[in-house]
């Protein structure tokens, strides 16, 4: 069935015949395998360009920063899935990735769009602090959360934030979006009354957008990074199962709020 | 509900408090971010050890080799999923990963187990060629496919195979499993009557097992690598949609083999 | 890690001890198994109430209407996934479900919200046609698509639309939302200049909302229905593989728009 | 790329033109919508035949029996996924379905294959109890678990087992596989020394195989049933969030077994 206008697929990523595989205009075997790192190849696949040294340093740093943070909900979901279906590693990884949504890891992308919007205001002639103030005031007015600020565990600044900024600075990356992110952090208390500090979901776009990483693919960074963490967790799960134990613990204080049939009493479990 | 024996989850991957995140015994911010590449961090997460230079070179090479090969079925599935559900990038990535199963990308893991079995025979005192001959003869006897040999497109050797071996050799990696993979290639024609050449799913475990990558997690390599490729394809899909065009093309010659209600004729579509 | 305010989970769906399972206040074994159909149980699980006869008729009709429509993109994605990973039926079903997003099957939910909005305007004292006119004019003004109207294949009205309405009428269901859906169909040509007819994604909420199906779970209807269709397709795939053939056909006219390395020509494939 | 032998896809499930949708040889609008229940349609989609009354009763009963059992691991995974990614209901359903694997819900299919094997022995002239004894002895000898027997919570017989058998008996279903399942239950203590009672994963194939449900699709029954339960849980999650509370509870007793950097002490969390 025809859906939409186009009936012939096009691509600019890869083509091949029986002897040669071409990726982004380069010969995979001659030019790429053994010549660039996996993170650099990710950037090439995504953008069509090889990253410069600053971009490579920053991209690797963000992927390392976000790959692992213990038994977060998506890791729990993945390990429970693997415990129930150990024959399908790919299914357990997929279950974990499905938790990279708007509330948790998707904040990187939403924060990146916020930074792009502030940058556009600055390009239009507004000062950095005024642009940040206007953008955050609009979020406040529409009762929207401020993506990338505040953290349930790290009440002070998430330690990964300063480290990512230091890496970007040392690597000689363009720091424009870092400065935007800092300006937003400065204006938040005056607008919201809360001292919400930048978390890693703001730091990631702040450093990546300065090295040319596309805003529209920012959610891809935590997805790729967490995939590495999930594979490690599932290797541990295969050796030292925790999935069912997590599930057992999770419901020890579960409260049933529904009714019971007349005359029925259940044993506490 | 309690399932299984353990009720308390344990982990050795990560712990944290509000100031510090520890991964595999190292301080994430002080020791890892900015200090090692993403692929090296993947190895550390998985094994608890930092890779040496040879391991790093080989692991990066395998991830680059397998990340992208055009519109393979899992990429098509992912792009169709994104076309239908563009609000959930993570869902389209997950759909693509779900195709990393036993038939396609899972062959890396099955081939790795085959190599480990041949290695065990050699450790037991058998010559390399005899060990390879015995293992392949058993597969032939049980009518099992030989994982990692033969390719639908590359009738000669997949060009990635030689390149991965060259990278491993140059990096000074242990080549034991490369030699096992080559021995298997040598004995196949005599046993099966077919000249099945090593493909990339054999080359990946052949080079990785020599640098200490765990056999049980080999399927993680194509899963992680393809995640990078999928994110690139979905960025392209967002700009230049192909998912519905692929779907349209796929059914142009579809044949309906079922019956029709009496008297009904359908227009060809 | 604590995320959000609540630390103790609550539920009103199910509780159990070693002798008894209670679902929505009823004893699963004594009151439910063998006493109500699967579709009725779905309604009970979702709402806490057993459906009346009209609701049961309409819900079954919508589930039957939407479960299967041939090799749509999500079915193709599912069959390709199964072909690549036949050891994990659940993974192939999941891949198919992941395509139940905003563009394709999610339109049921978006259409339902549109109907609820028109109903609220009518409740506020506006005539039905004025309410429909206002709602569609707003969509037109914001260049939003009109969810549930128009179809790539059925240029006239999708045949399932009239049938679902007939079932609702015969069953004695409340037809309020059917009338809203028809009013929208009437005003569309005058506002958009296009004669977009109601499709099945509008008919489903139109009939379901009149029998008390919750708007917020409308996307659950195509998800549940398509799961049945996917399981049937995967049973066929196991017997008569089509996944790789679909994938082959899909790329026969694929055009590579990228560059090639200097001097390289690829064989057409 | 061509994978496998077939290049043209075939199907016998559905065809359509702009006026008519044909499913399994019947006109969807004229013959099916409003004429049969969703569970009956599932059987038709899967097998090409409408179920008789006994089949319909038994199939509905099994779907009702297995759709919901509280916060099992796959429900927890699904609710955590939804909490993190509430914009993609389909993703949270998919995450839950991915837990329908070999260990948990896949036991229905494995038990069905065991029953088919015992039936084949009986067809070969062995008595029922001897056939059951031989099959279970082989499982014991290969240290394989006995699929469908034993339950972590219900130490006596799972209450759903007797209920499903009563439904099958009342409906006039063929009870051959029920008798096989009972014979296996009888022989287990003598072979294993454990009084493992039939659980719902054995009862489901026992009653379904007698009404013509295909063994190869048995895993589809819990997958379809649980999809209904998951949609209900996600509707509850949207109103009364539990996903993050489950995740918090799950790790309250988590033990970190790895090392800490020299001199670092973490605050207990």
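We call the chains A, B, C and D, going by the order they appear; numbering starts again at 1 in every chain.
Going forward, a residue touches a chain if its C-beta (ideal position, glycine included) is under 8 Å from a C-beta of that chain, and two chains touch if they have at least 3 such contacts.
Please read all numbers here as calculations on a predicted model, not as lab measurements.
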item	value
Same vs different contact residues, subunit A with subunit C, by half of numbers used	same
Farthest chain relative to subunit B (centres taken as mean CA coordinates)	C
Centre distance in Å when subunit A and subunit D are each reduced to the mean of their C-alpha atoms	34
Centroid spacing, where centroids are CA-atom means, of subunit B and subunit D in whole angstrom	29
For subunit A paired with subunit B, centre-to-centre distance based on mean C-alpha positions, whole Å	23
For subunit B, residues contacting two or more additional chains	1-4, 8-18, 20, 30, 70-73, 83, 85, 87-88, 90-91, 94-95, 98-101, 106, 153, 244, 246-247, 249-251, 253-254, 269
Overall pattern in which the protein chains touch one another (line/ring/star/complete/other)	complete
Contact set on subunit C toward subunit A in their complex	1-4, 8-18, 20, 22, 24-27, 30-31, 48, 70-73, 85, 87-88, 90-91, 94, 152-153, 250-251, 253-261, 264, 266-269
List of subunit C residues in touch with subunit B within their complex	70-74, 76-78, 80-81, 83-88, 91-92, 94-95, 98-106, 153, 243-244, 246-247, 249-254, 269
In the complex with subunit D, residue positions of subunit C that touch it	1-4, 6-16, 18-21, 23, 28-30, 32-34, 36-39, 41-42, 45-46, 57, 59-61, 63-65, 67-71, 83, 88-91, 93-95, 97-101, 106, 153-156, 159-160, 162-164, 166-167, 170, 214, 216-217, 219-220, 223-225, 227-229, 231-236, 238, 240-242, 244-249, 251, 269
